[in-house]
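All remarks here apply to the structure that follows.
Should a chain be cited, it is by its letter among A, B and C, assigned in written order, with residues numbered from 1 in that chain.
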Amino acid sequence: MQGTSIIPYLLSLVLAPLALGVINRVKAVFAGRKGQPLLQAYFDIFKLLRKGAVYSRTTTWIFRAGPVVSLGAVLLSLTMIPWGGFPALLAFDGDILVFVYVLGVARFFTVIAALDTGSAFEGMGASREVLFSAIAEPALLLGLVTLARLTSGWSLSTVLPGVSTATWIMAGASLSLLCLAWMIVFLAENSRIPVDDPNTHLELTMIHEVMVLDHSGPDFACILYGSSLKLWTLGALLANVLVPVRTGSAFIDILATIGGVFALAAVTGVIESTRARLRLLRVPHLIAAAGALSVLSLVLLVR
Amino acid sequence: MNTLGNLLWLLIAMPLLGCLATLFLRSSRAVLHIVSWGVPIISVLSLGTIFSVFDRAPVFTSGEWLLLDALSAFHLLGLYIIFSISSVYAGVYFSHEPKEQELTLPLARRFGALWFATMATMALVLLSNNLGIMWVGVETTTLVTAFLICLHTSAVSLEATWKYLVVCSVGVAFAFMGILLIGAAVESPGGVGAHVLQWSEVVVAAPNINPQLAKLAFIFLLVGYGTKVGLAPLHSWLPDAHSQAPAPVSAMFSGFLLNMALYCIMRYIPIVEQAPGCAGWAHGLLVVLGMVSIGVAAVFIISQHDLKRLLAYHSVEHLGIIALGLGLGRLGVIAALFHTLNHSICKALGFFSAGRLGQIYGTHDMRRISGALSTHPTWGVGMFGSILALIGVAPFAIFMSEFLIIKAAVETKSYWVLALFLAGAATVFIGALKHAVDMSWGTPSQSVRPQKASVAERALVFLPMGALLVLGLWMPPAFWNFLEAAADVLKVPSP
Amino acid sequence: METFTDNILAVLLFTDLLLVGMSRLSGCISLVAVQGVLVGLLPLFSPEHVNPRSIVFFVVVCALKGVVFPVVLSRAMRSVNARREVEPFVGFGWSILIGVGILAFSFYQAKQLPIPSALVAGTMVMPAALATILIGIFLIVSRRTAVTQVLGYLVLENGISTFGLATVSGIPLLIELGLLLDVFVAVFVMAIMIYQINREFDHIDADRLSTLKG
């Protein structure tokens, strides 16, 4: 266990909520507002941790377990992400599949916790979440397979570091399609515009937010932290491909990837400020298009 | 010999001149006159040119762009016969149009210009030695003739035109893919260089081309040009276009447009058949497609109520028979070519009659047409005679050519094909004969007044019918030699 | 040069997929224009490199497919006051799935075809051409308005030109220009037809042109 593996992991745990702050700040700048402090997410989490939780009488232990298990799953998935071309904390052949399914477990527990409340709104959000992620998952997975094929490895720790400027020159078309597909997956999985509006207050149109309406106090803190970590994890995945800085110096490379994540957050902010949310009926088309792009990128590589 | 060959450009130039001339005329009557007099004159001149050139066949001109051999000469003969009689008929037909559909000057100009332009592009298709130019010509005929279908703008005619445009454009685009594949097949072994699409060179290089590509190419070509030929199941545009176009246009479509597309397919038969290991392959495909067309047409002919659609399905059937013949050895090819000419003449006559009877009865619905023989004896005879000839009654020439095809089928021992062909022909015979009898006899409805026929009308009915009878009873030896020479272009070995 | 060709073809495939999933008619028109220009670029990167023929071709293609067609089609669309949506028979989700299926099929099928590798610049030509042709056909049969049928025809034609430009080197410029001229006239004629159909019917839905049957 080297410093190059554990330090970026700890850094991620600390910096993850900051990415949310960056997104919000970019949106505020676009709207001409001063906006909330960059550290607002941290404040929210600490505030929630200090509060007590309220539980509905209809809920069971599943409702309480949901947020904690989800957070744990996301933490686990983050351990598999390599930083700046150096191996991750957890690396073994085939972990690209495990990575996707650990994220799936996180989603599963959020969803069943939502269903456990027995509320119509939560159920609606859960059904949408499951539908969209069912379409988004193949796109993510096929993208990973493309990379695996490109770098001939089956572990994130060999696949992602394998992407360098040389690979970009060799398979530029394929990689750009892949990035486009993953960008859509990134937005969809993190419930950002144009798939979902994190700031909405209209239950009929919400997806992620509506699922967690009934959680409060420390549970909600777990959820908030968990979703910021998920954003960070998927962002790191994409940043590893998009910013293939491989100088060999741990400090610079890891910093480049982290910078990449923040840049992605900024881009997300720009997208959120300039685009409108899609009609719900259109969302599956967008995510299916991501799947199509992944297929195309794989096909271009395999042919 | 090239100096003489240069005369062939006249065949394309003369109709184009006619096309220009129509645009400067001041009355619709004048336009119709120039069409009905000009086209036959051009035809006679062209045929004269062809046969004076043809003695020294084959002739190439201007960098080998144009080619005249027996096959193209034979088709040109058909082209000029059909265009001449259809043009004369156009004069008759449009002068009998009901008041609200009378040809205004712009419409007449449109008709005249497009008519001449069609003639020019068809001549180009038949004469071009370059497969690419041939394709360009075919696509141009689609575009030029589109507005002939909707000469009288109405909802249904626009619908027919749109279908025709889209289906044929897409189909013919496939044929271009086939041409490219032929090019690739020729280039692959060693390369013929810049003349990769010259038919005369490709056909010489054929024994050395890549057989798999050639096969693939022929499928594309068959689907592409086959759409324009109207071979089932690619015929969806055909009945609509034929039934909605004015009768002279339908006659020209059925009498020559379809044959022209089939001619394009014919040009590729020797190429594909000579490719290594492909012998009999293109023939087999043609036979299958021909059989399907005959079967599909038979079904639709029985259940048809519209006279012009009935004739249109007859076209599907007869083009199927021709395709069938092309696949049945040398005798089959000769029979198919003979059938081409017979069918064109007969079908033109059929559409002439249908057009005029439609004007007289005000409808093409066969259930409302009765007693045609007493209402208008000339056109009644034309209609009855042409349907009899179409279904293969002896002694009309179509009977003879179908008989030859049967003989070819026996010669090549394709008994299954023979059986299916006879079954299809019998079905058509019964179905169409019933329609024809119902329309010819019976009492005409009160509102229809008997009409007198003019000399031109009589000539239009009895000349083609006479020709069909003569060809059915007596085959001039010179004509038979001509057919044999044309069939030999396809390089089909006798069994 | 092969990588350039391959990249152009990759973008072509990308536009194919976009077209299948695009719902705005004007967007489709511009995408088809982009496709046309991409196809025009191909001869510039052919094995013989830049020569007068390919430059002439490129200029003509850009002018026609990049400028004239989109203008003609958008005018047709606007003047007939067509609804600005594509209105497919097949939903967009299915369309995308079918598009991906076509893609996979083309890549599979292209491997089976015996095109000699010496003829083809890069391994992408055959699959890209095949996929574009099939997508064009799919657009023609699965879309409702007449304008989209014209677009499908153009996509089909783009696929065929892709194949032609990348494989058969012996086609004279004259024929290529003749082909272009024909396509140009075809688009023009179809646009006129769209005006007329609209005047007669008050709609340009090709699926409602179904009086003639049997």
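Please note the rule applied: a residue touches a chain if its C-beta (ideal position, glycine included) is under 8 Å from a C-beta of that chain, and two chains touch if they have at least 3 such contacts.
If you're wondering where the values come from, they're calculated on a predicted model, not measured in any experiment.
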Per-chain Cα mean versus the mean over all protein Cα atoms: which chain has them closest together? C
Out of B-C and A-C, which chain pair has the most contact pairs? B-C
From subunit B, the most remote chain by mean C-alpha position: A
Roughly how many whole angstrom separate the Cα centroids of subunit A and subunit B? 66
I'd like to verify one number: the distance from the centre of subunit B to the centre of subunit C, where each centre is the average of its C-alpha atoms, in whole angstrom. 31
Separation of mean Cα positions, subunit C and subunit A [Å, integer]: 37
Going by the contact rule set out above, which residues of subunit C touch subunit B in the complex? 113-116, 118-119, 133, 137, 140, 146, 149, 153, 156-157, 160, 163-164, 167-172, 175, 178-179, 181-182, 185-186, 189-190, 193, 196-197, 200-201, 206, 209-212, 214
List of subunit A residues in touch with subunit C within their complex: 172-174, 177, 282, 284-285, 288-289, 291-293, 295-296, 299-300, 302-303
What does subunit B use to touch subunit C in their complex? 130, 132-133, 135-136, 139-140, 142-143, 146-147, 150, 153-156, 158-163, 165-166, 169-170, 173, 176-177, 180, 183-184, 187-188, 191-197, 210, 212-213, 216, 239-240, 243-244, 300, 303-304, 309
Listed in rising order, subunit C residues that touch subunit A in their complex are 6-7, 10-11, 13-14, 17-18, 21, 23, 92-93, 96-97, 99-100, 103-104, 107, 123-124, 127
